[in-house]
């Protein structure tokens, strides 16, 4: 029984991690419909920024997180204006080509600036170690991640469903022309949405590096995971992304614990099965077009 | 229409010309072609190997026996045998090199075996660690190590120090399987017992369930082999988070896991971990000091055992050039390699004349914090260990 | 009536003109023959480019002509490569037999996989194909005993072609072998794309709803083309095995599928030659840049890709044909 | 009572929303039948069930005496049930000649062996191409049949819609607002073409423009809220008070 609860907790914690690193993509790919394979680049930027802030500027882990979010979001605005915007209405293939180009540039750039090795990430004392609850050892950092995930989900759901800005985003995404005729500045809305998605990517990267490690190939190494979570969840749905992340997380951990021989297959098999059952994602909006 | 055809042909020719032969007649230079993993997920491999080689050239000058040494570095971009084979072929046919060197990965080395045999090209393996490589061509010589070579001493040390029940955890791929088998064989032969084994997928950001299984089966120690990179970092974090050390489960690894240049990324997590390997940055000898100084002139990053592989490979090649007085012939060069002794930064190395593999000391080390950095500190030595995989 | 017929035959000849071998095409293949004589020391590279081009052609069949986005096409390439490799390692050394069996095996795999692709949008298909590719990679990786795992499959010995021409260090035999097989498969594909079947495929890509409404059995067509593309990918994989005499697990890697997609986009989709041109440009650029700077060449490749997306929509061939049109337009103006 | 196209108690519901309610439609051979109704009456849903894009919740569809309820959409086309679309649904990069040739090739495909179908060039089938050209000529598209479809004028594209449907040699042709978006006055060309269609083709026309409907149809069905309100000759429909109330009352 204990091991079952333990596995469940680990699974949920892993799901939380998957959610944190993918939720930004759920916004850029899902809401805006841009095939942004370079999501990992923003996550990686977040990671390196965090490491640099902590080791060079001496800023603490917690205060560094909002800085990372803001800096990555601001930085992404430059890319949005110069590279992404011209391709909003282009074919998906062109968007793929562009984002792969960005990945190449970023990988080589980071390699040049920081070298190819793993970066040390020091998390504060109070976040390392475990709490013993009911005979279960619960990792503090994982609990922290779960809290962050809950906060992000609530903030996003509230922000996208209940605020004026959220309404504008949904209107712009659903029908650009109508939104424009209603006086919404669609390009501004897209810009801000893109910044939000990238900022979240950066934040996710910063939070993920303690578990995932950080080297110049971060962007390509975890690309499959980002896509997996977002597509299974249903692009554009924050709840769907959360649900998919938790489901895949629990399936993966349970599989690895109970049938370790199949360790490598589980997450991919789970993805294929889920996609065959829900071709538009768990909570995806069925596009009638 | 023909005009378009003409343009097309011109275009193709133009592009092809970019990659056309630039080979110039060799005479006063000796060319060494290096095939290394400079980009991709394993760019760390190429980075260390090539910079290790460059460090040797920096230290000893680029002229030997009156010949200028030219290093031609080619990026193979990860484990991709067909590219390795193509690069080797081009190095031989176009660049007319005298030696080929490098190889972080086994498949890259194996793929070039037929052509180096056909071309009688002396080829120095600077890292790839599967035993069989040197049996695939008489023109292979390896200056690094093999996996069983560093694994077996770990089993012996564990048994000597009273460990009887050990759990093994390896990465689920060829070298992992080899390491698991080598450890199990050596350890059970001595009377120890492997109480459980896990194979972890190579793409695995989450070690939780595996570490939990180890904890549940309560062994005295766990033996771990993972490829250098992000896996050891993730594993060590999980190992500590779940309090295996506190539960009295000792961690024993090969040196790949306790790779010198991830030490600082591991930080406190790795303190006290025991590993066996042929090289540590902390090795105390004048040769190592010279190596570290030379490397620091090229790159500020801390080198690791692969850099030593590159460094020693160059040393071996320099020795051969000296012996042959600058006139390189494949068979003579191979004869010169056999039985060669090197005063390596890792300690004395002998190239086994029979297998063309390195015979070297394997050290038992423990991770300690010295100043603000972390090092593998050697405390016991297995002298002149041969590759037990053959 | 006869007037009508005269007009109609003008239209027949219009269609015939579209299908005819253009001089640029002939020049393209003659150039490839020329490479053999002009660059005798780069033949290994040249045959690898051709193999990649052939592989990209098979992707073009399903992406460009049938509109299925895939990131797991390396699965079939890998199946072909391993089939040919395992055969050669177990005593069947004849290269042609290897190609045949590899193609058939990959085709069967493609046929089976195609049923998983009937549902969902582009992203779903992308992820399912990606998942299949990754699963296959893991299967080969964990079956170390049979496949050699990440160390690669050893003992691949390829017999002489027709018992006469052995594969040599310079890759002369290999290049001619690859060139001939590629050309034959290209002719096969080309005639298929110019047939009523090819027209139906193009129309499916253009508009599925309408294709269904004129009676095209879409899912059967897609299953079919997916299997044929898998056969060609499998043969390309087998060619790589036979010319390298080694099989590395990277034949199945995600990287290979992703690079292939890049190559096809760069070359231009649905143009028949996009795959070959993309392979030539991408691999030569890669080779050239990585020789200039082995460590940071990806930076420049990335810049190239970005510039290309911003200024050269529709790939190289797309941009090229637009240039040609512009030129014609301009010349027509001059004349009139 | 040998209807060429018939629905029996057709019923379709999306969850709790009933969009087709017990529709019993019947087309006599050679009919010029029109289906009218206000927006949201379920006309397009009905068409989609006839063509096989949607499957009805219950009830059946019959074509020429055979039940086709469970037959896939493409197979229905082969059996002689063809349609046009309200919004242009064409092959933008193909020329009209290629598009129509394609449709004819599909229709004729069972007459060819696999080798010819797969590997012989399209241009070798001059009979098919002649037929395609003749059809295009009949629809006043001969001048434009060699340029890519997306460059055609809107009105021409509407005609091509019709050409593609006719190329399948249908027994029953479903026309979904053929004049939609065509400026008044230009739709004459379209209906001129419609009026010349042979009587062997039965036509079900969905249209908003009442003038067109009353000029063209010999029978009219009014659909309201998924339900068949009334069916009759044009004069009967005009007289019907219920129709006036729900439909004409607002429009006229």
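In order of appearance the chains are A, B, C and D, and numbering begins at 1 in each one.
In this text, a residue touches a chain if its C-beta (ideal position, glycine included) is under 8 Å from a C-beta of that chain, and two chains touch if they have at least 3 such contacts.
In this text the structure is predicted, and so the values were computed from the model without any measurement.
Averaged C-alpha coordinates put the centre of chain B at 71 Å from the centre of chain D. If you average the CA atoms of chain A and of chain D, the two centres end up 47 Å from each other. Chain C and chain D have CA centres that are 40 Å apart. Chain A and chain C have Cα centroids lying 33 Å from one another. Multi-chain contact residues, meaning those touching two or more other chains, occur in chain A at positions 107-108, 111, 224, 264.
The multi-chain contact residues of chain C, meaning those touching 2 or more other chains, are 138, 141-142, 295, 297-298.
If touching chains are joined by edges, the resulting network of the protein chains shown has some other shape, matching none of path, cycle, star or complete graph. All chain pairs that touch, listed by label, are A-B, A-C, B-C, C-D.
Chain contact summary for the complex, chain C toward chain B: residues 22-24, 26-28, 30-31, 35, 38-39, 41-42, 44-45, 48, 138, 141-142, 144, 148-152, 154, 168-171, 240, 244-250, 255, 280-281, 284, 287-288, 290-291, 294-295, 297-298, 324. Every residue of chain A that touches chain C in the complex is listed here, in rising order: 29, 83, 86-87, 90, 92-98, 100-109, 111-112, 224, 227-228, 231-232, 235, 264-265, 268-269, 271-272, 275-276, 279-281, 287.
Residue ranges on chain D touching chain C, taken from their complex, read 51, 53, 72-75, 77-78, 82-83, 85, 89-94, 97-99, 101-103, 105-107, 109, 112, 116-123, 125-126, 129-130, 133-134, 137, 142, 145-146, 164-165, 167-168.
Those residues of chain B lying in contact with chain C across their complex are 1-2, 4-6, 8-9, 12-13, 15-16, 18-21, 23, 36, 38-40, 43, 46-47, 50, 73-75, 77-82, 85-86, 89-90, 92-94, 105-108, 110-111, 114-115, 118-119, 130, 132, 136, 172-175, 177, 199, 201-202. The residues of chain A lying in touch with chain B in their complex are 3, 6-7, 10, 13-14, 17, 107-108, 111, 115-122, 128-130, 137, 139, 141, 210-217, 220-222, 224-225, 252-254, 256-257, 260-261, 263-264.
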